[in-house]
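The first chain written gets the first letter, and so on, giving A, B, C and D; residue counts start at 1 in each chain.
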């Protein structure tokens, strides 16, 4: 039995060996999804409860897949537009999946899929009151993130860009502000398009990265999952290693002294 | 014996297992450098000939270190301001190190350390004529890159930003143009500050990344070297995997149909 | 009497000839402020009620200055942390200044000076109910902007970056989203550092730009005020003129046909 | 007679009242071009010699238009691929237009329209030797810009992005480096898409901006020309006025002291 990684991400007492959290949305097939999940090394995967078919034949659902790969499920409330809907969906998830973890999504409309700050605050308060561990999907507003933490969220999940756009992190400044003030894990969620976006998220100080479409809709999902595995590790290490400062002027890496006489 | 990696970078018939090329400049100690090189997984390392002390006691030079780690040496002409100086330095390197590979640096001044296009063209032509395999350190001008290739360079090494600045890739558009037109390896050289910069370079289509200060001057060089190892692998995989397109509007990853009636 | 500018910004039935709105904060002297306001061409200026000294000797207050320059006053609630404080400040302003226009600022903390979404929504609702014309200073969240409009705000004023940072527009994508969905004026507020930032705001479709420190704290406030006057006009014209599309590849402006035989 | 503007751009002893230099390429009609030139306020306009038809009927050429508007002509060598071609074109221009000013373009290929550094250096040297005032269109390489100045160029004209792309200034860092070291006028040329790009160029320290397609191919060229007129003035004033520094943290513009007791 290997020693636990001292750099594990611990949430609610659970240590996660990988800081890449995958979503299942957008996957064209269960087989392809399974291979991508495996390649990603993820230990936590979010699944939309609205896609959950409680009467699916055994062995054919995404939950069987996760069970088989020993990946923890993080049910999400995708598709909910109000706190009321989100709370009911979370309760259904808790009953069906026997977990009180929930990724809370309360979106404002189907066009932007952006979170609705007011409903989000309401839902977080209710869900925390009901004993849920709330992973709150939020916009990149540092004030809202802090309010969600104050309400008892287990983690805040600011977006880099709107869901599915692949635009990366549109406002790194806000992500840095959120990280600087948070005492709970900050998980960059939504907007990731490619490996360097994920590395950047970690360099900004995020504790983990969540993505779905960037893998499931890539031309080669398995290879892209592997790319993200490396990018998240690399970004985490870089954040810890203490990068060189940005300089306006050049600085020779090689000393000029001792140059041979030409 | 492991099968050769089919994705190796091949230059002049030599297959390199790692697409991260390290420089040795800026390393505070030989021991620290050795550990960083090991962590980086590099198989090719550039050394300034001007730092080479041919009468160093055995076992104390950077060359002993590379020999010991079985890392190929790429001598560079750092500190040369004219084609004439660069050619003489390359000849010294060939004689001392028994390699006809040379990273050609001809800089314009010590303030910017930027390459001098005119001297660079001249030096490339001369060195190719003398049988060298020229890795040409150049600015990010697509026209100059193509000219260097036309003159017989073995690889072009456009900068992301001036040496030692850590500003990353200031003009990704130019790097993409260079890659799109090149038939020889394109190696991003100079300006890299952190892991996401290296991942981006690979995503833009570069064949490899060269860096020195970003590792040797980091607070924890070994950890940073490991960060770059992952970032380059991740960026390479992402480039091959075919990223999702950037979209202006959001796109749900989870289908909305089948949502339970609330 | 000149004909009214058909491109005036009309808010609450009032036509403003200039789309540059100035703040008075940060001005070192009343004289300097007066000259800068004149140079800016502004017709609307926001003043912090908390700075208002009702017992100042006649002719020495910023209000006398505005009266003299025939600039309309937009009182703001800077320094308020709760809806309750903001509503009381707005009522004081209405009584003292005889205007029901108010720039609503409800900030979360003195460190970031960022608006607090929840208090802002609450305050907007109350102030609209009391008959105020609410200019709501908000973060750049498109969903929140739409909610404020739905509550009856007269204008939304998303930030480009935190107050006083001069970082420009950190997330142009969000500003574009806000503009695309708004039926009330969108006024870029906070974060502007220099002329090109203001031009960009207008090009993104904003109806006006509000700034204070960028002028009052510039080395030469009068000249900077004039710079912004031109930048806002230029940006507005550019937005109307229909810019050329961004192209990945070059396009000759001069036709090559008819070239003389050399 | 108005006093000369003390902030005129002086080149070769000629004072130009406007720092916006227009090109004529891409204009769909002579009438439209005339109106746009007028709206731009330009006093210097570049014309491709290759488009020059020496046998055009009187009153129908772009040269008649410029003569009529009292706009100085800056003939350019667009379409030349070698120093030899460019020198011959410049000589034709001098003879036909009786000016020794020439905008020197030596491009590498029709795909990128990027300048060819080697041919450009050669042509500059020859043209200066022949008594021309050379306005050298160059890439954004600070070293090349300095070399052109050393060869006697009257002005250097670095590109912001490839011709006709409208991508703006891809590498502001290089433009700043060029400006910091130049003792001759630096004119941003190529790549400008919209007003804020031109303002930024001036803020970076450029002495003037040259553009063509951004006006001639805009949906409303006259309005866009007016936009650029304001943007260049605004950017120039901002550069002189001394902008506020960029700050990571917020800074209240309104003092908090003296806040009324609520």
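Observations
Convention: a contact is a pair of C-beta atoms (placed from the backbone, for glycine too) under 8 Å apart; a residue touches a chain by one contact, two chains touch by 3 or more.
This is a predicted model, so every value here is computed, not measured.
At the chain A-chain C interface, residue numbers used by both copies make up over half of all numbers present, so the two copies contact each other through mostly the same positions. With centres defined by CA atoms alone, the chain at the far end from chain B is C. In whole angstrom, the spacing between the mean C-alpha positions of chain A and chain C is 35. Centre-to-centre, using mean CA coordinates, chain A is 47 Å away from chain D. Contact with two or more other chains is made by residues 112, 114, 167 of chain D.
Chain pairs that touch one another, listed by label: A-B, A-C, B-D, C-D. The residues of chain A lying in touch with chain B in their complex are 23-26, 48-51, 53, 76, 78-79, 84-85, 88-89, 92, 110-114, 162-167, 193-200, 203, 212-214, 216-221, 223-224, 226-231, 233-238, 240-256, 258-260, 262. Against chain C, in their complex, chain A makes its touches with residues 108-109, 112, 114-118, 121, 139, 141-144, 146-147, 161, 167, 170-171, 173-174, 177.
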